[in-house]
Amino acid sequence: MNGLIEVEQLQTFYVLEYLGKKKTIKAVNDVTLSIPENVIYGIAGESGCGKTTLLKALFASIEPPLQLFGGKVSYLIKNNFIDALSLNGKEKRELRWSYISYIPQGSMSVFNPVKKLKVTYLDFLESHVRGKAGRELLSLARQHLEQLGLSPQVLDAFPHQLSGGMRQRIAIALSALLKPQVILADEPTTALDVVAQRAVLQLMRDIQQEIKNTIVLVTHDMGIHANITTCMAIMYAGKIVEVGPTQEIFSNPLHPYTKFLIHSLPRIGDKMPKKSVPGAPPSLLNPPSGCPFHPRCPEISDFCQDKVPDLNNSTQNHKVACWLRRESCDCNS
Amino acid sequence: MRFFRDYLVPRIIQYIVVIFCGITAVFFIPRLTGQNPVLEMIAQIQSQGSTLDPTAVESLMETLKELYGLKGTLFQQYITTWKRVFALDFGPSFFQFPTPVSELLKTYLPWTIGLFATSTLISWILGNILGGIAGYFSRKNWSKIIDALIMIIRPIPHYIFGIIVLILFAYVWQLFPVGGMMLGRRTVLNWRFIMTILRYSFLPAMTLVILGGAVWFQQMKLLVQNVKREDYVQYAQTGGVKERFIIYRYVLRNAMLPQITQLALALGQVFSGVLIVEMVFSYPGIGLLLYRGVTRGDYNLVMGITVLSILTITTAVLILDLFYPLFDPRIRHK
Amino acid sequence: MGVLKDLFKDYRFAVGFILICFLSFLAVASFFSPYDPIEWLQVPRDKAPSWSIILGTNSKGQDVFWEATFAIRNSLIIALIAGLISRVIAVLVGFIAGYKGSIYDRVLMGITDGLLVIPLFLILVLVAMLLREALTLVSTGLLLAFFGWAWDARTIRSQVLSLREREFTLTSVLSGNGTLSLVSKEYLPLTIPLIFSTLINNIAWAIGMEIVLAILGLVSLDIPTLGTTLQWAINYQAMLLGHWWWILTPVILTILLLVALYWFSISVSEYLDPRMRIQRIGAK
Amino acid sequence: MTAILKARNLTKIYSLGGLFSRTKITAVDRVSFSVQPAEIFTLAGESGCGKTTARMILGFEYPTAGELLYENQNLVELRDKKAWFKKVQAVFQNPFETFNPLRKVEDYFFETIQNFRLDKSMKKAEELIEEKLQAVGLSLCDIAGKYPGELSGGQLQRASIARSLLTNPSLLIADEPVSMVDASLRMSVVNLFRKMSDSFRVSVIYITHDLATAYYISDRIAIMFRGNIVEIGPVDQVLENPKHPYTKLLIESIPQPDPQIPEKVPIKILEEKEEYLRKGCKFSGRCPEVQNICKQQIPEDISLNGTVVKCHLYQK
């Protein structure tokens, strides 16, 4: 079952050179992933686990100091695969927003502060849609907003006149303006309060149901993943440690790190003492040998230190990268 | 109406306060130095060999005090200064006795205003656009070369750069006249007259544009390199917006704003530059007038020039401040 | 010494540093000058540069080279006095307005903006006119210092304002630090680069302004400085009479001095920039 | 037992715009609460009201009206700030901004000891620091000679807590201490506050918008909306069966890490500025159980067995 975007053994590292000393940060370290169509795909992980870098690779925007060290990212366009990372500037620019678009994290300063929002919308439209007059494009934008339940006169306001929640929803509407096949969202709700976050997630769900495209949602908040994503992957130290349908991952988490992510956070109504993951987050400068989680893993065994576990099917499409899960995998579910 | 109260009223009040402080400073500072220009003047006359008997000295002292506005107590002098400022009459000039200072200023000031306005505008626009483009393509070689060149021009003061331009263009290559233009009584606006104006004002204008442009170029380049990293520019680039739009509507448009406030703040220094350049090229503006007034110790003239410059600069700053909201909607719509 | 090695990687620092050393060597050389700086007619007049007289002689009968060494020394003295004293005023005004805020800020900034907008140059000229002959090196320095702090007080204030909003200010206050120790321990390390670069710019401004005062004949003309040598050269129509060496020496020396100071200040303030220093700590 | 900190009708009004404009925003609107010794009291809610209240308690800002009593002494008249900082300390939101990047972390520890004259000799000072660092799970050798850039977010936050414990304060203000710490390490820092209030008898004012951690560690909680306390009481009562519609909306909007929970009903979003200047109850614009009285009259505080609610629904 090949998906919309295929990622094979992707290796992208940051190469920082300072006063003669060269440092490589292995942000995405040999990741293989298949993102299906018509689904909200979640990527979970802490800060510094490489999820934002993976998003940049998916968006084919690899600029120094980030460099490609191996592997491929291919888009499925008109059912043939093209290698996204080898596209030249012009091709990339055309694909942007028509095939793949992006929702930024904080919408504080994402819009041109001295222009009305409608000018920003027109900039995006005029750069991709040819042969239509400005007025026509504007009515297209207004109609698009109405469909999503947002009041079109917002376009006549300046960015600083709107609240954080409203600006973020305008950014999301903008990302869906040209009905792209894939929308990438990097922590879209971190800067928002709980109520505004709920409205933003609601909007993203409506967009996905309406356009039937794929939204790749990156966030550290497991609650959001449970609430909105259909299937998800969990990243740790630049690698994918578990991937599968969200229902399965929450009902039967396999990787010890996933268990911690789900159970260590407090919930209203449950006063049980919660313990956080022991030890400190891994350094991507020289990641630990073997399984990257072994220094902090409670269920460690001897060969965890030397061999890197690869993603192995525990059930039909629920994979995990952990030696312990391999043998004792009873796959009763 | 909130905009009027929030933005305009404070600006106008600041305008009045600055003028008031400026004039008061110009009034008090000379008096602080404890030097009395009248005694200075008499010493100068006596040093030129003409001996005066005491009564003549006494009456001369009275008239000089009258002309300098030094009669009566400090407060009365202060009031007479303000009367002079409002009437724009600064008493007679000494080295061209009896022509009143305001007469001299009327003939020389338009020249300075012309040079000041054109050169500042050209250097600001040119410097910003070039700096913006160089900042945007900062990795290209041509922008590095211009940058190195500007790094040499930027620290050179107005007078020294003026001298070099004068030596090169007037003495060595003899393209332009060395001396200043004599002011005829009648200024008839025909083609020949305009050509002579251009010939005489080309070197000072070029000096000012290059020196001023270098400053704006560097500041704009720095601003653009920062604005390039702003979220809204990166977001527009990820959105595949045409590069043309990004440069003009996003980068230059936003980087220009601080440059307007910077221009308003730097007007005082830019104006001083104009006066100095006028001296080098003996361009017939109030800079030259200042040079002659100072070398001959003509207090009234220098006082008049100072007060007039304060009025011109503060008015120009006020105009710039009033223009700023047109460019920055964040101030117009709170 | 590692610091110098890092700095020399930047060509601007290399050029600036070497030029400054060369010019200060010249300034020091003035102490060993065989001629008296003020006396006239010590050497045959108007000799073109030759091997025995490197930079020739001027119409006043003085050796241009040794006059130049005095000129550099005296100009540097004036500029240093102006620069250092104006730093003290600028830092005081900047920190008080920035840190104390409210009324202090409004009053001090009102004065500073007022001083900025008024063409200081003219008031400077007015005052110099009255002091006329009495302007020795020190008093010129003080005069320039008094008019040279407004612009930098403004920049220092804006940086202090941004530092005040940062959380480590609260930590420091909660650690019992009073205003003085807070400012010296927390803010100075972060503002030193700005104060340093404004010092160098102010020195350059002072040298330029001293020249203009000399041209206007407002400083005592017999003390040789870059301004007065240029003033004498212009007065004696050096350019018309073809004594190019007499007029070009002060002009070229001024350019070398100012370009060197500017490049030195740009590269050093980049090196001292807090962001770079944090990276260096990280890269250790 | 007597409360160590009492706030009565605390109010803070900011005037925006220039010299003459009079658009005023009431950030804190007649807030009253009290904190018992060794109690963890949470100020929860989106608006910056919690942060402003904290700054007023610490003395960095003066209230426009109302009183702040610490052991029955009004803080507003207190002049000797240093003595007050001996009793109250604070921990901030961004661990990377808590320490000056160009100064060693340990400098702050030694300065705190010197300034408050806790220990004369160097050796005793080091022992005190080591003791406090052990309490937060660190040791002096972890941070000795190190700059903030060389430590992780979690370590920095623990160091900040240790520093605040040096003067054995009786009141600690934690301004969203864990929002910038990795989710997996968050609980280790949150548990610290519980341990401190139990073993060091420190009362903690915990400012956050994350109700889950508030439920987990605090004893009493106040829900704030646009400058008012809309509901205040023991945390179990307030969060397990909320009374005020806004508290209900908050709890219902928290995404639970459990896919089985059904989708939530869509909600209406209003522009923030509108709500600050609204007459009557500020939540009336989007309150699902709104009545017409809510739009005219500001509700008073009604106490219902231990919880105080500011809502007309419970008007007798």
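For this structure, a couple of remarks:
Per-chain residue numbering starts at 1, and chain names A, B, C and D are given in the order in which the chains are listed.
The criterion applied here is as follows: contacts are C-beta pairs under 8 Å (C-beta built on N, C-alpha and C of every residue); 3 or more make two chains touch, one makes a residue touch a chain.
What you are looking at is a predicted structure, and each value in this text was computed from that prediction instead of being measured.
The interface holding more C-beta pairs in contact, when B-C is weighed against C-D, is B-C. Taking each chain's centre as the mean of its C-alpha atoms, the one that lies farthest from the centre of chain C is A. Chain C has its Cα centroid 22 Å from the Cα centroid of chain B. Rounded to a whole number, the gap between the C-alpha centres of chain B and chain D is 54 angstrom.
As a whole-number value, the distance joining the C-alpha centres of chain C and chain D reads 50 Å.
Residue numbers of chain A whose C-beta contacts span two or more other chains: none are found. The touching residues of chain A, counted against chain D in their complex, run 46-48, 162-163, 165-166, 193-199, 201-202, 205, 220-228, 246-247, 250-251, 257, 260-262, 264-269, 271, 273-277, 280-281.
The touching residues of chain B, when paired with chain A in their complex, are 230-232, 235-236, 238-242, 245, 249-250, 253-254, 257, 327-330, 333. Of all residues in chain D, those touching chain C in their complex are 58, 60, 81-82, 85, 89-90, 92-94, 97-103, 107-108, 111-112, 114-116, 147, 149-150, 160, 163-164. The residues of chain A lying in touch with chain B in their complex are 59, 61, 92-98, 101-102, 104, 106, 108-116, 119-120, 123-124, 126-128, 158, 160-161, 174. Those residues of chain B that touch chain C in the shared complex are 14, 17-18, 21-22, 25-26, 29-30, 33, 35, 37, 40, 151-152, 154-160, 163-164, 167, 171, 265, 267-269, 271-272, 275-276, 279, 290-291, 294-295, 297, 299, 302-303, 305-306, 309-310, 313-314, 317.
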